[in-house]
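Below is one structure. I have some questions about it.
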Amino acid sequence: MEVFAKYGTPAQKEKWLKPLLDGKIRSAFAMTEKKVASSDATNIETSIQRVGNEYVINGLKWWISGAGDPRCAVYLVMGKSDPKNKEKHRQQSLIIVPADTPGITVVRPMTVFGYDDAPEGHCEILFKDVRVPVENMVLGEGRGFEVIQGRLGPGRIHHCMRCIGVAERALDLLLARVTDPSRRTFGKLLAEHGTVVADIAKSRMDIDQARFLVLNAAKRIDEVKAKGAMKEIGMAKAVVPTMLLTVLDRAMQAHGAGGVSQDFILARSYAQARTLRYADGPDEVHIAQIGKVELRRAAEVTKSLEKQRERSYALITGKAKL
Amino acid sequence: MEVFAKYGTPAQKEKWLKPLLDGKIRSAFAMTEKKVASSDATNIETSIQRVGNEYVINGLKWWISGAGDPRCAVYLVMGKSDPKNKEKHRQQSLIIVPADTPGITVVRPMTVFGYDDAPEGHCEILFKDVRVPVENMVLGEGRGFEVIQGRLGPGRIHHCMRCIGVAERALDLLLARVTDPSRRTFGKLLAEHGTVVADIAKSRMDIDQARFLVLNAAKRIDEVKAKGAMKEIGMAKAVVPTMLLTVLDRAMQAHGAGGVSQDFILARSYAQARTLRYADGPDEVHIAQIGKVELRRAAEVTKSLEKQRERSYALITGKAKL
Amino acid sequence: MEVFAKYGTPAQKEKWLKPLLDGKIRSAFAMTEKKVASSDATNIETSIQRVGNEYVINGLKWWISGAGDPRCAVYLVMGKSDPKNKEKHRQQSLIIVPADTPGITVVRPMTVFGYDDAPEGHCEILFKDVRVPVENMVLGEGRGFEVIQGRLGPGRIHHCMRCIGVAERALDLLLARVTDPSRRTFGKLLAEHGTVVADIAKSRMDIDQARFLVLNAAKRIDEVKAKGAMKEIGMAKAVVPTMLLTVLDRAMQAHGAGGVSQDFILARSYAQARTLRYADGPDEVHIAQIGKVELRRAAEVTKSLEKQRERSYALITGKAKL
Amino acid sequence: MEVFAKYGTPAQKEKWLKPLLDGKIRSAFAMTEKKVASSDATNIETSIQRVGNEYVINGLKWWISGAGDPRCAVYLVMGKSDPKNKEKHRQQSLIIVPADTPGITVVRPMTVFGYDDAPEGHCEILFKDVRVPVENMVLGEGRGFEVIQGRLGPGRIHHCMRCIGVAERALDLLLARVTDPSRRTFGKLLAEHGTVVADIAKSRMDIDQARFLVLNAAKRIDEVKAKGAMKEIGMAKAVVPTMLLTVLDRAMQAHGAGGVSQDFILARSYAQARTLRYADGPDEVHIAQIGKVELRRAAEVTKSLEKQRERSYALITGKAKL
């Protein structure tokens, strides 16, 4: 929806954005591919080839969230229109594909742990010689990367904010459970066991630390836009989902069998949170980037440490005075 | 099945064990209750009351694995026949309840991280004024604890053994994934990233350490029976499921979206392994018991340390000689 | 020094605070005792008994920081003046003891790991029938606890602030080391190994999270004084020293043998930081208190969750409408 | 000493091994260098150059353990005799250098967390134009690597064995401390706090797992010699010192200020154990090698998984039968 609003032509907006806003139809974003490592977006293989006044699309996508909804009427498909372009980030285009175009097969819904998240679902979709008019190109050939870049930073911080909320809810459930008088073990409330109290305290400390990271990233976005806040966003994204999983796990453990079941939100939240450790950039990629940003300071730091050492040495040997 | 074989009367064996062995029917063990903390088995509330020549059973059980199978013809129900007995472990009895007895309602299947494990399932079952003849009592009134005790030790080690196998499989999947040439990121095989190599090495070290704990417990069982090996079994049970979850998590992370899906065994195995952190005794209970067993050595250790200190002091001050 | 400034009588200030401020003498605070668990301050055993116009002090103190300095002219000694008082926190008094009073033996300096922190040192001191005039009592009998309470909150946050600074310095040293061209291994700069980059990133994330906790506690102190900010101070104190140890340990590892030696501040900082995990309240005590503060919300949380469940149920069953 | 025994000529043995065995002199091994990353042994820069009937040695070594002992009469110095040899492991030689040879300066003792381990010490030693006769070469030019290789495997396992012993002692101290009636806090023995009991249990589980790794490595050495057991030795070396540090840290925490002091072996043991995380190969190198050994199975594992998948598919689609 944001893509139509931000990058759509007037005609594209008229045709798709209006019914989307009216809640008459839904859209789905088709980015991830089954056969390649999607944590590196330049790996995408789906082809978008111009033939006359049309683009022909071929590729196998999966985890297309929302595609299972019967109201889903349109896909935004990312593919390569110019796979040999030397600028790796100019090879991709984003194109609008109506869901009823011939050549599209919704293969199956994917499950997240055992959840299929029906009816929306996360579908595997085959595009075979799917043809759409050239007007369906978004922003212009070779500008696909640009579009998703604008989308990712804020998306990541939204995920993190939701995670903080879920973590607070998990801690609430933990507090309620361990003080439930019907859950006594060995003559004690769960809350009277020292290890349980420690779990609660650690959860509070973990949540608060993570929350401050998110607030800090949000503040930076306000100050310098998402692009300038990539390090702060990356730090939140690398820390928050793992924190949430830890807090959920502690709450689950106190709930016993109930914790993994449909009776509490804990297991479902765990499954969702787990996907965030690879979605929108796996932890490993964020961590590597944060490390590299820090390393940019290395030369300056080395020089400054050197100076301090020389100064200390001069002071000790009497060659300089305080 | 083992219960019938080990504790059944000839009549009970004839009626239930035979068709079980022939694969004609299945049985389910009804122990866990929804309303109480089942990590402390003395909390059970289901009542088994003698009225004339019958026992009347009332209670709400859940997580009755296998009860969803249409072939499941009989339940073994744990309840309290003598809730006021001062010996807390003589209050319980185990009784045979045919699945078609009036008063039984299979409420719903429970899910484990979204998996319903159909058709077997893990069911919630309501027993309301369910009546069975007195001959259905297993071993005798007040001996329920005895029966489950005999079952738990070996059960725990079986779980651990299976976990080791699953962990090895997860590591295999990890090895295959990170060397898959179609999964290159940023110009490298996953296996060429140092953090991935470290994950593999840590998994190997984690698995091997856990395996040795299991082998050691098995050896102790052979030497001194399950009862004498409670500490070694408890150590394996407290360590192995968590180890497996860690190894599965690393493998999932390398598989990205595939890792949480139905395309690999990883997420399903994770859900199953997670239940082992509370089933058959939650980690916390095992850990507390291991700690207490160690503490039994404290007085002797203190005395021995004291003696060594006196000896050292005497040597230093010249009051004793080497 | 703060004690004299905040709680001293004019005469006490004239006699001790003035030379302290002029840098002519130094003072030391004698609180910790060898024979009891000092994490619970009510355990103190040193006696301060009034006899005529004097107080007689008997006890064995250790870890009296600064007592080894030849300029240390006065001790502030905490002891029990009224050990049978039913109010456990009115048993203690704080008294001024000139270092040259007869009956004082400086037994030995204690070492922290292998550092004796000479000349200041952390001394074990025996007080045997040490007599001082009644005017040396600080604030009045039974008010010792009051004095140290006023000192602890801000002291803890100061420790945490310094820790953040040391952690930044440790990260600087790490950055300099891993980019030092003379430290190549296996043909690569250390900074080119993925696990090293990850260590750097994790350190940055750990430090920033901890820093925000400290800033938050400082803000709370400004808003509601130290007493109202006990939870926030406790969280910082429970998190920050452990964070610092982790960051120092990573930096040490990259420095190899140099890291544990006198050539870098890392090992010395590690030793100092390690003492903060028990000084001014061990981690365990802070964690238990934070857990208990959270648990105060439990009843309210339980009620609110209950209400939400009822509301959901009413919506699902049609008994209520959105 | 082992070097003389194993690789010495009869003359070398007569001159050095005999007085060593008689306890009249001591020797020190000079391998580590200050200016390079010693975790990669090919980085060594000390030069051993033949000039006529002598070798001339130039270089700066540090952490020469035992060199501070007044009885230390001889150094075994590792250096490069043929730095341009294309075979990287044939560049090094090991040479015998009497401690009183002109040109040797013992610069200073290094400290480990403040401990100088006097009198033996770990010294920094400058070799400047130090000349020894050609007979002092061990085994022959270019064979230095060979000598240290033979020494490392068994050395590593010895370290690990000692670590297990120290860990057991640390656990003993922990048990004694937490049951010491004079160490009550908040009305309880330390051993009555649930988190303390958990620390004890975790220490037992950590120690036992690590012990089994060491026993397994020792068994492999017996079966296939150290060279064939590199993976098992590496696993023990990568796991055991970190385990020991964790156990020591728990014991220290229970000892409060005493734990970091000279009154218990804990802090000193911690300092020593910390050096083992980089000495004889840093953790990172062992972990990377274990990962690489596992990865050798990848191709075979991939093929086997592929076959199993094909078989499953054939069974499901009816193209094969069980």
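Per-chain residue numbering starts at 1, and chain names A, B, C and D are given in the order in which the chains are listed.
The definition used in the following text is that a contact is a pair of C-beta atoms (placed from the backbone, for glycine too) under 8 Å apart; a residue touches a chain by one contact, two chains touch by 3 or more.
The structure displayed is predicted, hence computed values, not measured ones.
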item	value
Fewest touching-chain hops separating chain B from chain D	1
Between the pairs A-B and B-C, the one where more C-beta pairs touch	A-B
Classification of the chain A:chain D interface as same or different, half of numbers criterion	same
Greatest separation from chain D - chain, by CA centre	A
Whole-Å gap between the CA centroids of chain A and chain C	40
Gap in Å, rounded to a whole number, between the CA centres of chain C and chain B	43
Where chain A and chain B are represented by their mean Cα positions, the distance between them in whole Å	35
Contacts with two or more other chains, residues of chain C listed in rising order	193-196, 198, 284
Chain B residues within the chain D interface of the complex	171-173, 175-176, 178-180, 191, 194, 196-202, 204-205, 208-210, 212-213, 216, 235, 238-239, 284, 287-292, 294-295, 297-299, 301-302, 304-305
Chain B partner contacts - residues on chain A that touch it in the complex	32, 34-40, 43, 62-63, 110-116, 182-186, 190, 193, 195-196, 252-253, 256-263, 267-268, 270-271, 274-275, 277-279, 282-285
List of chain D residues in touch with chain A within their complex	193-196, 198
